Structures are given as C-alpha cells and as structure tokens.
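Everything on this sheet refers to the single structure shown next.
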Amino acid sequence: GYARVDTHRGVRTGDPEVVFAAGKTAAETVGIVAALRAASTGDGRPTLVTRANRETVDALVARWPDADVTGRWSPDPAADPRPAGDAGRLATVAVGALPPARGRVVVVCAGTSDAPVADEAALTVAASGAGVEVLRDVGVAGLHRLLAVRDVLAAADCLVVVAGMEGALPSVIGGLVGVPLVAVPTSVGYGAAFGGLAALLGMLTACAPGIAVCNIDNGFGAGLFAARVARA
Amino acid sequence: GYARVDTHRGVRTGDPEVVFAAGKTAAETVGIVAALRAASTGDGRPTLVTRANRETVDALVARWPDADVTGRWSPDPAADPRPAGDAGRLATVAVGALPPARGRVVVVCAGTSDAPVADEAALTVAASGAGVEVLRDVGVAGLHRLLAVRDVLAAADCLVVVAGMEGALPSVIGGLVGVPLVAVPTSVGYGAAFGGLAALLGMLTACAPGIAVCNIDNGFGAGLFAARVARA
Amino acid sequence: GYARVDTHRGVRTGDPEVVFAAGKTAAETVGIVAALRAASTGDGRPTLVTRANRETVDALVARWPDADVTGRWSPDPAADPRPAGDAGRLATVAVGALPPARGRVVVVCAGTSDAPVADEAALTVAASGAGVEVLRDVGVAGLHRLLAVRDVLAAADCLVVVAGMEGALPSVIGGLVGVPLVAVPTSVGYGAAFGGLAALLGMLTACAPGIAVCNIDNGFGAGLFAARVARA
Amino acid sequence: GYARVDTHRGVRTGDPEVVFAAGKTAAETVGIVAALRAASTGDGRPTLVTRANRETVDALVARWPDADVTGRWSPDPAADPRPAGDAGRLATVAVGALPPARGRVVVVCAGTSDAPVADEAALTVAASGAGVEVLRDVGVAGLHRLLAVRDVLAAADCLVVVAGMEGALPSVIGGLVGVPLVAVPTSVGYGAAFGGLAALLGMLTACAPGIAVCNIDNGFGAGLFAARVARA
Amino acid sequence: GYARVDTHRGVRTGDPEVVFAAGKTAAETVGIVAALRAASTGDGRPTLVTRANRETVDALVARWPDADVTGRWSPDPAADPRPAGDAGRLATVAVGALPPARGRVVVVCAGTSDAPVADEAALTVAASGAGVEVLRDVGVAGLHRLLAVRDVLAAADCLVVVAGMEGALPSVIGGLVGVPLVAVPTSVGYGAAFGGLAALLGMLTACAPGIAVCNIDNGFGAGLFAARVARA
Amino acid sequence: GYARVDTHRGVRTGDPEVVFAAGKTAAETVGIVAALRAASTGDGRPTLVTRANRETVDALVARWPDADVTGRWSPDPAADPRPAGDAGRLATVAVGALPPARGRVVVVCAGTSDAPVADEAALTVAASGAGVEVLRDVGVAGLHRLLAVRDVLAAADCLVVVAGMEGALPSVIGGLVGVPLVAVPTSVGYGAAFGGLAALLGMLTACAPGIAVCNIDNGFGAGLFAARVARA
Amino acid sequence: GYARVDTHRGVRTGDPEVVFAAGKTAAETVGIVAALRAASTGDGRPTLVTRANRETVDALVARWPDADVTGRWSPDPAADPRPAGDAGRLATVAVGALPPARGRVVVVCAGTSDAPVADEAALTVAASGAGVEVLRDVGVAGLHRLLAVRDVLAAADCLVVVAGMEGALPSVIGGLVGVPLVAVPTSVGYGAAFGGLAALLGMLTACAPGIAVCNIDNGFGAGLFAARVARA
Amino acid sequence: GYARVDTHRGVRTGDPEVVFAAGKTAAETVGIVAALRAASTGDGRPTLVTRANRETVDALVARWPDADVTGRWSPDPAADPRPAGDAGRLATVAVGALPPARGRVVVVCAGTSDAPVADEAALTVAASGAGVEVLRDVGVAGLHRLLAVRDVLAAADCLVVVAGMEGALPSVIGGLVGVPLVAVPTSVGYGAAFGGLAALLGMLTACAPGIAVCNIDNGFGAGLFAARVARA
C-alpha cells in the first residue's frame, strides 16, 4: 500500500522506472524493486536503485546476489575492483542481467574523489543497453593526460564528463572534440565549492559549445541520457 | 515556568495552539501538551505536536496511548500501516480524539519519499475537523496515473499537493481542475534541489493560477489551511 | 501564428486564460486578447492582462475603452481614483464586463507603496466573480489600525494580505482570526529586502498557522485563489 | 589587433566559432564576423552571432543583407513572420547560407514570451546542419495541447524544450517520450523566478530521466547540442 | 603558546575579552579562561565563555564550581530552573561573581525554542553590570500576551527581542514603544527559515524604526550592546 | 483616499511617522507630508521623507522652501555645502524646524562614496532631537586617520558607523572604544560586494562586541536608533 | 570639505592612494585627483582613477590632456588602439607620467569581451612601476592558442589571468606553469554566470595550486598585486 | 587501477602533486602517497596530504613515522606543541624531509580557532622551500597587538593572513604595509558567517589594495602561492 510504482514507463520511454533509495528504508526499497522485477519480466533490462546506503545495498544483495554494485562492478571485467573501504559512500545497484550494448559512451573523470559518480554513470549506461568505457584522473591541471586520450574521446558517440571543485574539465574537452557532451558536477570540494554549486555554475556557463548539464552528483541521469544518444 | 502557552488561540481563530517539538526536549514537549490538554477540555479538538523525533513520540505515546502518529495512522482505517522501519523521520502526533469531519480535502503526493509530509497534512486535516483522502505516487513523470484520478481531484473542496525535487505536480494539477490548491514543497532530493528550494521556487512561479504555497515540509500548515477552506 | 492560446481553460478550471504582458509587445498582447475575447463570447467573464506597461495599457484602452485598469478602478465606485501620476508602475487590465459577485474577499495592504499589488488582487477578485473590499495602510507598526478592523477581517470568506519590507502583517493577522489567508510579498523595500525575498521568506515561515503564500508581487494569483475560496 | 579568433574550431569540433555580441560594439562584432567569414570560405557553414542588440543586428544586415535574424526567420518558410515590434529583445543572426539538413530536432516552447529563446535554438539547429520544427505554446497548464503533439515529439531525434517561470515542461515531456531532451530555462517571469533560477533548478532536479540542461536563455547551446545528436 | 589573549580590552572598552568556545577543545578553553582570570583580578567582572558544548561546560564547572550557566541561572533567583534535559544545546558560562546592576534591560522571547538565546542575552546583561528581566513566549501570533506587558517594555532602558522563524516580533514591539530595541534572529525553524536567514532579513527590513540587529543566535552581542545603553 | 497615515506614532513611540518616498509619486509624497504636518502641529518635530528622487525633492522644496535636504544641510552650519552635482542620488528631506539637541551622536564614514548614507543618518539624528557630528573618510586602510579621532569617538553617547565594500570599519572601532555602535552597510562597491551584502555580513559577524546593525543604506534607521540612545 | 584623502599611503605601502570614481560626480573626482597630485609631487607615480564613466573620463582628460585611458593606451606603443566605440564601458585613467619598469607581468585574457578588465590590470601594472605584456583571446576552448604561448607565461614574474563566464582559464594555466597567478573573474556572461559569480567560485575552487583571486572585474587590484610581486 | 597520479607536475610547475584526502579512504590515500613517493625520489620535496581525518593521519604516520602533521609541527622547533586534544579537526601531513628555505613568509592569524588553517599554510610554505613564521591572535579588535608587529610584517616577502567571522584583518594589514598579501577566509563563525562566506566576501571587496584571496579554509593554496613569491 505505501507505493504505486510506474510499471508502464518502459513502454512509454524505452527505459524502465528507477528507484531513488534516499529517504526510503531498506525494506521499502527491496519491496519496490521486487514489484518492479515482477512487472518487468521479459524486457531484458535490469532494475536500477540509486543513492543507496550500505544497509540498503546489503539488503538488495542479500535478496539478489548477482546484483551489480558501483565500486565493485567495472565496465572492464578484467580490471581490479576498487578497494573495499567504501563505507559511507552512496552506491547504485543494478538488479538483473545487463543487456547487450549498442553504441559507445566514454565517461571521463577529473579526480579520484569523483569516482563514485563516474561509476554510477557507467553502470547506468551499461544497464541502459549502451557500451561504456571509463577514463579516470584526467583533470585539467594535468593537460598531457587529457591530450593523450583525445582520439578515444573523439570516437565516442556521447561523452559523460564528471568533475568537482571548479568543474573546468568540460570546457576543455568541449574545445577539443565535437561529440555531444553531458557534464556532471560533483559535490567534491569545500568552502566556495558550496556542495557542487561552483562546478554546476561553471559547467552551465562553459564557453565551449555543445555541453549540457545534469544535477550535482547525478551520474544516473547523465548515463541514461548518454545511452539514449549512443543507442540511437 | 519555561513556557506560557497560548490557550486562547482556539477561541480567537477556531484552531487550538500546536506544539513545535523541534528544539525542545521530550520532557518539555510532554509538559506543554499536558498544559494544553488541561486548558482545552471540552472543545472536542486534539492537541497536535509536529516535528517530533522518536524519543518525543515515545514519551507522548507512553503518556497518551491512544495518540495518533503519522506513518501509523491512515485516513482509511482499513489500510495497511506503513512498514515499521521509519526511524529517523520526524513525526506528527495528535493527542485526543479526532473530531467529526465537514467537507473534503484531497492530499496528493508525488513520490514515496514525500509520504511523511503528506501524512502530516492528512492527520492535520483530520484533527482540524475536515474529511481527507490521500492519493500517492501520482508524479508528473507518469501522467496517466494523474489523469486517472482527475474526477477525484475536481470533486474536492481543497487540494494539498506535496512534491519534492522539481515540484512540478501543482503546475500540472492546477491546469486540470479549478479547486483551490495548496502546494507543499519537500526537502526530498539532492544537489540543485538545495533542501527543497528548487521545489519551493517552482511552486511559487507556477504558471497555472490558483496555487498558494506553504513552507518546505510544512504539511501541518497546508493541512490546517485546507481544512479551513473545506470546513467553510 | 506566434501564439496558440488556451481557449479551453475556462471549461477545465472555471477561470479563463490570462495574458502575461511582460516580454510581449503591445501589439502581441492586443492580438492575444482579441483571440481570447472571440473565443470566450458568452461565458460572462472578462479577459485579464497582467504586468502591462503604459504602452500596452494605452493600446488595450484604445481598442476596448471600457476596460478596467488598476489604479483607476476601485471596488468602491464612490471612491476617489488614485492620482494620475502612476507612470512606471505595471498595471492589470480587465477587458469585458465584471461578473456578479458571490462571497466576500478582503484585501489588506500594509503600506501605500504596496497599493499596485493590492489593486491587482482586488480587480482579479472582482473579475473572477467574488465580492471584494480593500483595507489600506494597516501595517504592523501601527497595531491600533489593525485591531480597529478585526471584525471586518473575521467576517471575510478569504483574506489577501499584501506587504513588502519584512512582510510581518500576515503573522499578526493570522493570530487574530481563523479565516484562510493568502499572503503576497511585494518588492517594496531596499537593501536586505532583496526585491521581496525578505517578505517572501518571512511569510513562508510565519508562526501563525493557516497562511499560504503567492509569488512576490503576484496579486493576480492571490486574487484568483481567494475568489475560488470565497465563491465556493 | 583587439581579437584573435579561433578559426580552427570547425576543424577540431565540426562546428565553427560563434560570436558572442554582448559587451562588444557593433563595429567590433562586424569586424570579427568578417574575419571568420574570410577564414571559413568553403566549409558551407554560416557564421552565427548571438545576443546582438538592435544596433548590432542593423550593422550586420547592412553588411550582409541575406543574413537570417531570429524573429524574422522561421523553419517553415511559409509561416508568417513574427510582428515587427521586437525592439529591446536580443537577436541571433546567421551570416551565410544555411547548410542541407540531416536528422530532425523538435523545439518545444511553453509560452509566447519564451519565443526568442526558442527561435535562437531553431536557427542554431538549422545553421548547424540539422532539420528543425518548432512547437509553440504547449505549456503544462494546458496538457491537452501537449498530448496532441506526442507523436511529433516521439519521432524526433532530439528535443529542445524551452520554458520560463517554473520550467515544468521538461518534467512532463520526459515522462511521455524516450527521446534525448535538452532543457533550456528562460529568464521569463518575475519575483521568485529570480531571472531564470527557478526554472533552472527545476529542470536540473526533474524527476523524469533523460534530461540535460543548458544555461538560462541559452538557445544557442541547446540548438548546437541537439544538432550534433540529430546529425549523427 | 597557542593563544595570546587580549587582556587590555577591559581598559579600552570597559568590557573584558570574552571566549568563543566553538572550535576550541575544553582544555584550550579552560586554559584561556584561567589566563584571563589571572589578568583581570580586581575589576569586578566575570569572564564569559560563549557557545560551549556539554564537555566544555563540565570542564569549566569542575574548575570553577560557582560559575553561572545558561539554562540553570535565571535573573529571578526564585524562579524554577529549566528542566535538566538540555543536552545538545550550546551554553554560555560566566566565571566570577556578577557585578552590581545599573539600569534595566528587558529581554523578550517569542517562543520556547528561542530560550537558549534569550538566556545568553540575559546572563550577558547581568555579567556586564546592568539589570535584566526576561519575558517569555510573547510571540506575535498571540497579541494579547504582548499588549499585556506593554508598560514593562516602555519602562526599560533598552530591549533585546529574540525570535526565530519569521522574526516578526521586533516589528510589532517597535511600533508600540520608543525604547532602543536590539533584535536577535534565531536559527529556530526549518525549510525557508534557512537557519535564521528569514528572521535576519525580516528584522533588518522591519518597517518600524529604532531597530538594530545582531547576528543569528548572538544573544551575547545583543546583551552586551543593551547593557552599554542601559548602564549609561 | 490612497493613504491612512499613522498620526499617533509620535504619541506611542516619541518619534513621529516618516515617509518612505520610494515607489510613490512626488504628488503622493507631498500629499502625505501635508497630512502629517497638519496632524503634528505643536510637537516641535519635523516630518522626514527618505529615499526621495530629484523630482520629489523639488516638489517638497517648492511647497516648503525651508526644508533641509541631505547633501546641502550639514550639522556644522559653517561647513561648505557638498558640490551641487548630486543628481541621481536619493535624498532625505526634513520639513519643519529642527528641535533642540540632547546628547551627542558621532557619525563616522569610511569613504567619500558613502557620504549620502552618512548624511541621512546625521539629518535624522538632528531631526530626532540629538546633537550630531560627522567624521568623514576615516576608512580602515588608513588607520592613522582613525587613531587621530579616538577621543572624539570615546566621548560620544552613541556611534553610527557607515561603510561600504567590505565594511570593516565597525570591527576596528568596536575594539577601540566601548560606546554603543550602530553599523550601517552601504551599497557602495561592485562585484562580490553584491549591493551591500558583503558589508552587511561582515558587520553582523564582526568579532568586536557591542555592535548592532541596520539595513543596507539605512542611515535613517541608524540615526533614529542612535538619537534614542543619546537623548536618554 | 567633502573628502580627506589618504596622502600618506604611498609612504606606508609604497603605492599611492587610488580614486574609486563610481558613485562620485565628475567634479568630485577631479577635485580629489587635484588634491592627490598636489600632495604627491616628486614621488614619480601617477594618480589612478578607476571605474570612471564617460563624463568623468572627459573631465579628467580636459584637465590633464596627457592622461592615459584604458582602451586607448596599450603596453605596446606600436599597437593599434581599440576601436573608438567604447561608450558605456567604465575606464581607468592614469594622471601623470608612467614610472620606469622593474620585472615583468603578463596579463592573459580569455575573450574579447574581457578586454576592459585586462586593460585596467595592464595600465595599473605600468603605473605601479612594473613591465607588462597582454596576451588576448587565449580561452580554454582553443587550447592550441594557449600552448603556443606557454614559454611567455613561464618567463613572467607574475601572471594576471582574466576570464568571464565559467572562468576556467586559471585552472589550465595553473597546471602548465609554476608562476604566481592572480585570477580575475569578470562579469561577462549571462544567466547562471550571475554577474561574475560563476567565474569567481570557479577560480576560488580551482584544483590547480598557486592561484589567488581578486574581486569580479577588479583589474586594478590584480595589477597592483602583480606589480608588487614582479617589482620585488 | 583506481587513480593515475600526475607525477610530472613537479617538472612542469616546480611543485609536486598534492593529495586531497577528503572523500578518499585512508587506504586509498596511503596508496597514492606511496606511488608519488616512488616517482619523486630525488627531488628533495615532501609529499603533502591535505584535509586528512584522524584515521588517515594515523595510517600515514604508521607508514611514515617521520611525517610532519599540523598541530604538532611548528616552524619554531623550540615552541610548545599545541594541546593534544585536536580530534575532529582535519590535518595536513608532509611525508618526506622538509627542503632548505629561501625567502620569508609570515602567516598571520586572527583568532585561536583559525589556528588549523594557519598551521596548514605554514607547513605548506615550509614543504615548498620557503622560510615561515607564524603570528597568532592579532585580530583587529585588539589593534595594539597588530601595530606591535608591523615591522615583522613589512620585512616579509609575502604575507598569508588567515581570519574567520568578518575577516577584516587583511583590510587593516593591507593599509599598513605594501607586501603582497594572500588572504584566507576560514569557516570559523556561526549564523551570518555562513560557513566562511562573510569572510570571503569581505576579503574580496577589501578597499585596501594588494590583496588576493584563496578559498575558505584553503591554507594549502595560500601557502604554496606565498612560497612561490618568497622563493623567487
């Protein structure tokens, strides 16, 4: 009785309903996911849960042991997992098998601290049926790292660029390549970063054209947007 | 000695004084409620306590076991209670029997996470002597759920519309029906939601007319306002 | 070709579409009003135009000489008109005869400078089919003026309370009477008034219950809301 | 000597450099456009000038009489031009012939006052080599107008959704169709609209997924982004 | 070595240096107080410590058992102490005997939750050598409580008016009496109260004249200011 | 009919009603002043008009040629008047003879550009029956100028300290003398001064005690407050 | 009588007092400059006037025909002057001969619209006795222009980097060279640029180290700071 | 795999990469420092870690027992260490021997609570190869303490001035001496200090020239900037 989930969204928009775990108990989230899994049988798409705390992640994994969780899952299956000590960070979870991939999204990440948001974007892309690669630690303060990957960037169908603090990375990449670029400010920083506001304003006013912006820390929204562009 | 409660407010305005529990100890709140109950005998209206934490709820229920508490109480007595795991959420408590109802308020709620605010509005309506129904999970991203309840909305004396994040629900409902609509932004969201500011500004600038707005998370204020309109 | 007006709104909501003149040329506004007048024949309601500058007012009055214009029109036909020197202030215009009135709204106004917003509210109430009275200059700094009109306030079906600067008037009236109260902050003030923000925040957080708030300077929205409540 | 224009940008990103006329004299802007035209001969793309005031528009049209100017140019050549009275609004100008179109962008516009931004987006799409259609006046307060064009929206390669005030239109469209959607808040509104801030925050926090946002009034950026997606 | 206290301030300004305990350890604060006590012997004024947490209060009382602590100390020695359950609230502590009083300050307090700030103001007044009385729970929503104490207000040398939420109390008192009035906004409230910002802006823009404002929750500053006025 | 002036304020508070000219026409302001002059005969106090533009000043002086106007009037009758070229600045006007002075207020002013606000404060003090002296151009960047006037500051009954940009002057003066100090931030500055916000926040958080603050550019409020303190 | 200029500042700090022309009449500014010129004879430094409008510039040049004015003066005497059409922009003026230069400052400027601020910085450097070069139009969206001047940047004693919109240029330059870098945000931009706030926050939170920031549009402050570093 | 550190930064800019520990686990930070130490062998510079919590400090000291930690390390080796009770404060850690010093930076600190930021600046200066001295507790409210150290200030190559609350200290020092001054606002304060915003705005708009500003609490950035100036 406490929720009436939108089980038709996949039909209308091609992408199924997603669960926003913040402000819900672990039990509520598990209940909603179960309802969506029951309704979605057969469309080949996993159910995503975003902004889950440790307790909710554990409850989901207990019920669906094959679920993919950000920080543990990587687009490159051969890659090392991130260290286990990720307590306190919110995670995104995909319940159900990942679909086959069409097109290619590249997720670019300015600093180590921005990784959870980049990971959310990458898992969302994969869960939405597009291919994905992640380039880490290519911030503007070390331009050589960025210039070294220019061809990878130019070959993508869509870019997701994740950066905190001043969020200058999209400005620089936007001047290098003509690929549609979705920018995601993060809340990494302190003082005048104001919880991601500095990066958000910077990305919105970037003088390089062809940049559109998602909410602070919203790797999910950027990943879904980019998958739609890449899949087309 | 630490408080001088306004025991005449019911006479002046028709609605008795309400206790704001935030920033008070459980003992202080119980003491103030006891003073108001003593003074209000005979007017048939319960005493409301808003924004109570778990400790204060427990102290109130220990003293007045019949008290109604949001999350447990529902306007539909046959409905399932919400899951028990609501620790950490602030609650609203009505001490004393609910009065008979005049008129009909419909409370509409965009998402599951907004439920505590919608519940506060509903319990306040009931405690203020008007009838109330709650429609949940009818956000704008799934318009069919909204169009399906259009007749229920149009038949109400007053609407309370509760939404977080971008708070677009009042704009859409305000274009569908001509019933007075009190909008309540919630603090659900993150990043550029800025603790409810995005929803608040959106509701204040809604281009559909006939909308008035209460403070972020203020289900109490909206419920009292709507009850006054519906009771008239 | 430049606009597709919503001629069905009156059917859906009981109140016809209203024209927002800011950002439109006088010619565009006249064109839209003409289209709405053509479509609305027979429903007995005038067409409202809000936030019109002098040029647009003149163009509307040239075309519809009987139009009512805020600052010249008063709910009390025997009252003196305001002095002619209102250049620079935005006006609201009603094209078409005012309908018969049901119920009673009282518009209360803190200071002389808030008058244009109070006048917009009053004309909107009258154009929406409710009765209206305006009480001027009853700010909180002179409480005796307010206490002298308490019975008039208590007898209304709905109040519209208009105030700039710190916007304290709704707090005080809300503690005196139990009538539904729609508060309208105005942009009157300077410095830390921040264009109406101080009054807006003050009204949203008013500790007296039963107050709902409209946008800064939005006499139109408050008037329509109040008329719906009073007409019921 | 006063500028060193980026004549290589077309080679790097596929879209040539664009001139931001705000804060430049008409003579400076004409000089920069002349330099870009000289350098860009043969790539078949016009030179865009954004945020030009009347004086700059006149200077550009005097020099390049075939230039396309927002408000006069329309994607549908058979359409009526907008009324002449557009003084005071900033315009966007394309100097040089429009290229052939690949793919299809649909620009959606909430209100009449948002038209200049929608027009900027449309002309930018056309100048960037994609097809474009404009749907006007389909705000959320009149949902039937929106539902009537749902198939047109679903058939587009990319949507540009332009709205001021509370900016709720992208939330509703994002729940109806699965097309990539670029949202553009406008500065239309007053009071708590805070020059487009309300719409900006609302679009960033929209609970419908697949939405990315450009700067307030930035039809140019949204148009270029959408053309890149549609052309692909 | 970690601090160089300003032991001459009493000579220059008549009021000795005060310790701001926030951001200092209990040991640091005790050390600084000891240094000031050593230097100030003989001037008959206690040393004040503001914004002390429980741990710091306990350390101070352990060292100086006669210290006065807000919430336990009252200007009326016959009054009941506030309930003990004040954990979590910051306290102000006066180490040393209170001096004889000259003149009379009245501290007025809107609601029960504002009491800690009012208590800080009252203890500061007493420690600064002026007489003080506290009037509690006289918020604007219950005007009769305010009118009942008008003569007490008019007889004071200076008023300190403490209020959270919308902070309207100074506006009303400022229209009733001509006594210099120092307003103190508190952080009591939620949502659009924005941690005291609503009350602060409201007090700064109050239309009643003769009001000056101190920082949010700054009972200390207001008390010292008022004592200087009253002592003169 | 357009205003109901508060002719009893002088009786209640000792200071008569003041006219806020912003947002009123010259004719309206003259009308209100005439009504107040008629009602106030015999109390020996002039009528103040604040924030008057050139047109309103001229209308007032045409009607009352002996009126005192800021920029022309000085507390030292032998002083040179300020240069005539004060167009564009708002003025304060006192209609009626200045009363005899009790006590002494010193107005201190950081920079030349802050002079209009300091002048408003000084004329208000004089019109409210206290003595006044103005010290100009003693900003913190030239400390020697400040130290040179320390004895004048220490001998005052109350100080009014006016400063724009970062507003540091009250912090420094508050550490030098123990006189009650009313700080007035001005809107002088640019960029991060944000129209006086930087100075306002700085004054509110000044670490020197005994400082209370008035609204940005509110020389009137500070002057009236200081006169009440000095007169006592 | 209306100003008491700080004629000792040159002695104390090595740099003479500067006149802030905003909010002063042309006559007042000329009067203050004349007083400073009279007092400063012999120290070999010109008097600077900042933020002067056209009327003030004309009055200064009429009195001191050899004065240097931003937009006309260039560090490279062989360079073309900027086009004459600079009406509406504020200018900086140096009255008196420029001193010999020690050390070298490079001013870098992102876009053509930022030129007035860069020019203010350059003229201030020259007037303060350091050498200066200006590099224009090297924004981050065209990285090749920046890499081409890397050696010039690395050879400077101090950099002044001027940028509007998102202000990303200091981040990129700060990662390329280890020279002390003073960043100046400008008010160029619109919408979420919020008058320079986006650039300001971006520069403050830049992840490249060795960056310090001046106020929005404050070319003067940055130029003086850089000259002090370079001269040393 | 989780980070790709910028090991070339020392070559490009003269100062090696620094680790921002906030948002990283202790294990991640130790891993990154180890990688940087391995790559930097031989350049004689320690590796800095900023904003480390207690857990991360302990992990770093366990691995590199000779590391210098703010609060324990002092530029004057004979000085007393700060009391041990610094739990909860973020620390800065230097791994590796401090290099020989060139030039002299003086760090000035307004209050005891600002000490952690001043300590971060001082350790950064030392780690970057410049000499450093710290002057504590010289706030503007006690001017004599400041005037007593004027010669020390004037003899420095660069100043770092650290202050919270209203942040007035740079304004006063900037008027006393002509040394380049880097101002650092701190988050010390409450209410209208808004987490350091008041101090930040005050420092940016300081009317004393020659001041540049770093982010709130960014002692690291200021220290590195000052070391570059002093070393030159």
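Each chain carries a letter (A, B, C, D, E, F, G and H) given by its place in the written order, and its residues are counted from 1.
The definition used in the following text is that contacts are C-beta pairs under 8 Å (C-beta built on N, C-alpha and C of every residue); 3 or more make two chains touch, one makes a residue touch a chain.
The structure displayed is predicted, hence computed values, not measured ones.
Participant: Which chain pair shares more contacting C-beta pairs: A-G, or E-H?
Facilitator: Higher C-beta contact count between the two pairs: A-G.
Participant: Matching A-B on over half of contact pairs, by residue number: which of A-D, B-C or B-E?
Facilitator: Going through A-D, B-C or B-E one by one, only B-E repeats the A-B interface.
Participant: Per the centroid of Cα atoms for each chain, what is the distance between chain E and chain G, given in Å?
Facilitator: 46
Participant: How big is the gap, in whole Å, between where the Cα atoms of chain A centre and where those of chain H centre?
Facilitator: That gives a centre separation of 35 Å.
Participant: Note the residues in chain A that touch 2 or more other chains, in rising order.
Facilitator: In chain A, the residues touching two or more other chains are 9, 20, 111, 139, 141-142, 174-176, 191-193, 200, 204-205, 207, 215-216.
Participant: Under the stated contact criterion, what part of chain D meets chain C in this complex?
Facilitator: Those residues of chain D that touch chain C are 79-80, 82-83, 85-86, 111-113, 115, 136-139, 141-142, 144-145, 188, 190-193.
Participant: Which positions of chain D touch chain G when the two form their complex?
Facilitator: 1-6, 8-9, 20, 22-28, 31-32, 51, 185, 187, 195-196, 200, 215-218
Participant: Could you list, by residue number, the parts of chain A that touch chain G in their complex?
Facilitator: Touch list, chain A to chain G: 110-111, 139-143, 165-168, 171-172, 174-176, 189, 191-194, 197-208.
Participant: Provide the residue numbers of chain A that touch chain D in the complex, in ascending order.
Facilitator: Contact set of chain A toward chain D: 9, 12-15, 18, 20, 157, 174-180, 182, 200, 204-205, 207, 209-216, 220-222, 224-225, 228-229, 232.
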